[in-house]
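What follows are several structures.
Look at the two complexes coming up: subunit A is in both, with subunit B in one and subunit C in the other.
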Partner chain A sequence: MTAVAGHAPAVSLPPARRSRPYRGGRFVVPLVLVLGLTSLYPTLYSLYMSLFDWNWGQRFNYVGLTNYQDLLSPATAVGARFIGALGNTFVFAAGAVTVELLLGLGLAVVVNRLGFGTGIIRTLLLVPLMISGIVAALMWKVILDPTVGFAGFLLGSLGLPRLGFLGDPSQMMASIIAIDTWWQTAFVFIVLSAGLRALPLEPFEAAEVDGASAWQRFRYVTLPLLRPLILIVLMFRTIDCLKVFAIIYGTTGAAKETESVQVASYLVAFKETNMSRSMTMMVIFSVIVLAIVAVYQRLGAGRGSDL
Partner chain B sequence: MSSLGGSRRRGRQAGSIAAYGIAFAALVLTLFPLYWLFMISTKVPREAFKTPPDFIYLPDFSKYVSIWTTGTFAHAFLNSVIVILGGVTIALLVATPAAYALIRFRLRGSRYLKLWLLLAYTTPEFLFVIPMYVVYQQIGLYDTQIGLMLVYQVFAVPFAVWLIQAFFGEVPRELGDAARIDGCSDVQTLLRVYVPLAAPGLAATAILVGINMWNEVTIALSLTFDEARTVTIAVAGYRGYAALRWQEMAAAAVTAIVPMVIFAGLAQRYLVRGLTFGAVK
Partner chain C sequence: MRATKRLTALVVVLALGAAACAGQGGSPSPTAAPSAVPSTAAFDWNAYSGTEITFLANQHPWTDGMMKVVDQFTADTGIKVNVQPFAEDLYFDKMEQAVRAAQGTADVYFFPMDSTGYSQFTANAVEPLTPYLNDPTKTAPDYDFADFPAGFLGGGTYPPGDASAQVYGIPISFETYILFYNKDLVSQEPATFDELIASAQAITKDKGGQGISGSVMRGIDSDTIMDTLTGVVWNVWGAADAPAPYGLWFDGGWDKPRLTDAKVCQGLANYGKLLAAGPSNKFSIDWNDANTLFSQGKAAYFIDASLFGPSYEDPSQSQVAGKVGYAVLPPATAGGDSFTGHWLWGLAIPKNSTKKDAAWYFIQWMTNKANTAQIGTATGGAPRLSSYSDPVYTASLNPDYVATVNKAMQTSRSTVVFKEGWKEGALAVVGVEQAIAKGTDPTAACAAGNPKLLAAVNK
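Then we have the complex of A and B:
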């Protein structure tokens, strides 16, 4: 033993690990190129263009931070619209994420209790996740149609008042949150369901021996053990909801009651051809979204995984 | 986990019945809208919106034929197939070596690389889509399949890297070391050890990235118009013509959904992996 100590191992790896620092680096060259072209370059382009007044025509003037000032002051029409869209986006995200988390978590706990049929139930519940947002939106637009929709018929035959849903400004946001809940709750469900199955048994046995009630076991054992996964789920659902576009574009479209930031940005760029204003909106909004990502990371989202 | 111990059996049974009741309600709420969509696609509008609706009827599948022969649906469907094949190929070619590097080497700046992946994946689409629209208009990539494939990499590459990293992480490190000792280069180690051992995972990654691309709306709506229009935009297009064509729209929607559900079934074992970006087995 001591005789060989300090000597090179009999079989040595090629010494390349130390001497060629770019050994691993060359494998990420394609990634840096592709993401540089599709993510970094357009981001810098947006930042640069946000300093101009450009409407896809002859008008192309350097205006400094005027776009930012206009968008962030409620006194201007564009500012009021942008701030309204920000508000709508946050109301939507807060509502949808809360409902989806509670339903998804509850459903995961319930389905995990089932003795048989869990596999097929899980699979069937996943189907909405395989559907495009625009298809989900159009499907629900038909079902929620105030005059010919099935939802109205169902309410009527139960003796309940018919609702306007997407046709009634005061019910638009709730309807869209409901559509997103149908569409994306399965994401929360499937992730937390997998998490529940992977939990160790010992803490539950110990809690049961100590006489903890079902609620106490859930509150003081299940929830803390699931915390890392709940954080990941919350982070991705929050971001996804803040980016909401298709289910609003496909249902209420430009209605100011539900216009999200991304819908507003689309309309400003492609219908009003105010390119620089749209890009400024996205720069401000992206900073907000990234700040939220940073908060989730601070809370420990994704720690210990490959994210 | 709560079925431990044999006490309180009667309470458990009642709880179990309630659990099945809740699961059944969730299934109905999840699947009924899809059934309704299918029903609209197989009824002429006069029948489809009759109240009370007929649940037993003679289905009319004519629109499942006519969407292929008239209008632009067939063209859009083909576009989506091409964009997926090209886009998934690019994503795998870019993400596989990157995931290999992140798993196997101590990369300088790998922290920042990972952060970049997260940022690229989470940035709201229009931050990069609007400038890309401007640039594409100038260089002739607007409304082309290749242009769309390229921009799709913003979400496809980070997603694929996370997943492949998780699959590569399961390959025993010693196997890679052994290949090195046998004289394999780093590239050969990737191609002869990692890729074959993680092949099912790579296939699942391809399927999941493909489903994401198929269903994508925001980018396709902004960067295509007619020539490269994708299937989901074509479904929405039935709304834009002179009149709303419910039956065609529903038939096109069902036609767009079915292949994805089948693909998801093929990747079923890896779905949870994919949905959690590799974080959960």
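Then we have the complex of A and C:
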């Protein structure tokens, strides 16, 4: 060690080592290949097929971007339908995600503060998540049937008019959002509840010492600390809601008032046998979903989020 | 980092290469040669003994009846049958996949004898059966194809109206659109369609609070209601000519829709007004919901397929057993003629089947005189004329039901429109009826719908 006058002796470092190449990548090659085949290949195949007019039969002519022009033009019948389906999808996603987030966060906060029975409450809240979307849809379709359903019976018993719910165009979307809320709020609850329990206590204690009210602690301490997790939950629920199929098809079927992009694409493919148009719809929709995911990632970037 | 880039590039190239090599995927490849004609010149039921065929079936009362005799078929022919039934909504998806795939997965299938079957014909996906019918070595001598009414074959004979048209589907179950009414709620059968509508409206007003409506009809915005709707419109149209392929909705050309015709518009209005007298969720009701509601005694009137009738008399399935009245559609004027529509399921062979001859044996055995009557007891829609003098068939059904269906058959007309892509046109027609049911003036609704129908079928 050499000493320089007036300074602490310099610490000598060991000789620099050449960095070794990371060899762990080879172990994920099989996974990447499988993901590539099952995700990338269908996507590229859909892109290719969207340039034709294949009707699942002998008609297979190259049409270039005609399918895209038709679908994105409100003046055409197919375009009006696709744009309508996009609108329905966004309305459903916005409504369901908002309600589920508020309800799920509220439940997580309340249950977290309970001193007893939290295990049983969490289990009960998880029950809807255990059934599939189509089962939830068919079950609620019967419950909400104004003639033979329990909801209609209850309203009738109370002397109230029997609402149309899924049969009334003005109530369809709200009914479907309510069904999805019943089904999926538990997911939001579980994730945010775990997040709340993992938060450090010190900031809350400090805030309490400083005289912050419960609302102020929630707004200025809980929410900022929980923000990364909220963004993750929002992103997952948004993607799930954008790709909604079972809840809508199982309840209202092909009703135009609630037809989502996935339902429209399915009907166009398998009922109208217009495969190319259906694939075009999914290509356009995939681009939109990717753009939304990018927005979420930007919101979460640099704030400690894992997005 | 360089290795990662190379790996990513490799995956992209592989995927692009696979996509570029992907074929159409849909057009059926040339089928295998049909099985060899048996050496003997006479027809032999055991000619294809040892073969196993796959029957793609709809979960339909006909399938229930068929399952009771399929073992006998195997005993008589040595042909084993792998029956794959699916609920109707799923069945249509499965059917299209099976008949349009390059590799066949079914040898016989439930064939919708309408525009769906026609679109499979235009896609060259279904086998013509006329050569089999005309070959005495392949068809039993007592099959008697002429026993099927000519009007029942039209939906499966293509090209429609062509002198050289061939048969592609053999009828197994027909349905005609009749009026069912609950005798507990209806004291007198309506004499005219206007009386029917008024009665339904009155019952809804009186008993709607108890969850009972005057009528229940298919009300969803879908082409699945077209056959019933067409039957109601035929009832107003009457016996006037409406030749195939254009049928009721076009005046001799695809560029001449006639929703504004007074009779057509009146028919649409009749359906719309009867639908409007239904329960509050009327616009989300399809045939299965409507059938369920009527069988549970929740509606006074129900116009739909005749084949629902037998199930209403079964106390294990219906709460209106013994209380159902059957009638042909009430005419426009008292004492006038009633008309209606009919639609049929058939059996067909996909072009991609490799066991066509054995498949034909299955079809002709199941649709011969004896089995048509026997299986028909499950459907109430036996499509052979001889079934109506066969006590096996007639004795099993409610006599009022049999009499009504027989009467309806005399004046029923096909509901088929032979146009590829007809679904979009059908939705334009349904849109008019829905607008009327929601309160739009019928004349205005028909006027607004006519250009939409024109645009839908002339893209």
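Quick note on the criterion: the second predicted complex is superposed on the first by the 275 of 307 C-alpha atoms of A that agree within 3 Å, B and C clash if a C-alpha of one lies under 4 Å from a C-alpha of the other, contacts with A are read in each partner's own complex, and residues count from 1 in each chain.
In the analysis below, a contact is a pair of C-beta atoms (placed from the backbone, for glycine too) under 8 Å apart; a residue touches a chain by one contact, two chains touch by 3 or more.
These numbers were taken from a predicted model, which means no experiment stands behind them.
Looking at the shared chain after the overlay, A:Thr280 reaches neither subunit B nor subunit C.
In the superposition on chain A, A:Lys271 makes contact with subunit C only, not with subunit B. Legend: residue contacts after superposition of the two complexes on their common chain; A:Leu37 is shown touching both subunit B and subunit C.
Residue contacts after overlaying the shared chain place A:Lys256 against subunit C, while subunit B stays out of touching range. Once chain A of one complex is fitted onto chain A of the other, the partner contacts of A:Ala77 are limited to subunit C, with no touch recorded for subunit B.
By the touch criterion defined above, A:Asn88 lies against neither subunit B nor subunit C after alignment on the C-alpha atoms of chain A. By the touch criterion defined above, A:Gln58 lies against subunit C but remains apart from subunit B after alignment on the C-alpha atoms of chain A. By the touch criterion defined above, A:Tyr45 reaches both subunit B and subunit C. When the shared chain is aligned, no partner comes close enough to touch A:Ser175: not subunit B, not subunit C. Taking subunit A as the reference, the larger set of touched residues comes from B, when subunit B and subunit C are compared.
The interface of subunit A with subunit B overlaps its interface with subunit C at residues 21, 25, 32, 37, 41, 45, 148, 153, 270, 275.
Note for the complex: subunit A touches subunit B at residues 11, 13-14, 17, 21, 23-25, 27-28, 30-32, 34-35, 37-39, 41-43, 45-46, 49, 106-107, 110-115, 117, 121, 123-135, 138-140, 142-143, 148, 150, 153, 157, 182, 186-187, 190-191, 194-196, 198-199, 201, 204-205, 208, 214, 217, 229, 232, 236, 239, 242-243, 245-246, 249-250, 261-262, 265-266, 269-270, 275, 278-279, 282-283, 285-286, 289-290, 293, 302, 305-307. Note for the complex: subunit B touches subunit A at residues 1-5, 15-16, 19-20, 22-23, 26-27, 29-31, 33-34, 36-37, 40, 49, 51-53, 90, 93-95, 97-98, 100-102, 104-108, 113-114, 116-120, 122-135, 150-151, 153-154, 157, 161-162, 165-166, 169, 177, 180-181, 186, 190, 211, 214-218, 221-222, 232-233, 235-236, 239, 246, 249-250, 253, 256-257, 260-261, 263-265, 268, 271-272, 275-281.
The part of subunit C that touches subunit A in the complex is made up of residues 3-4, 7, 11-12, 14-16, 18-20, 22, 24, 26-27, 92-93, 96, 100, 119, 122-125, 209-211, 213, 220-222, 279-286, 289, 292-293, 296, 298, 421, 423-424, 452, 455-456. Of all residues in subunit A, those touching subunit C in their complex are 21, 25, 29, 32-33, 36-37, 40-41, 44-45, 47-48, 54-60, 77, 145-148, 152-153, 156, 162-169, 172, 252-256, 270-273, 275.
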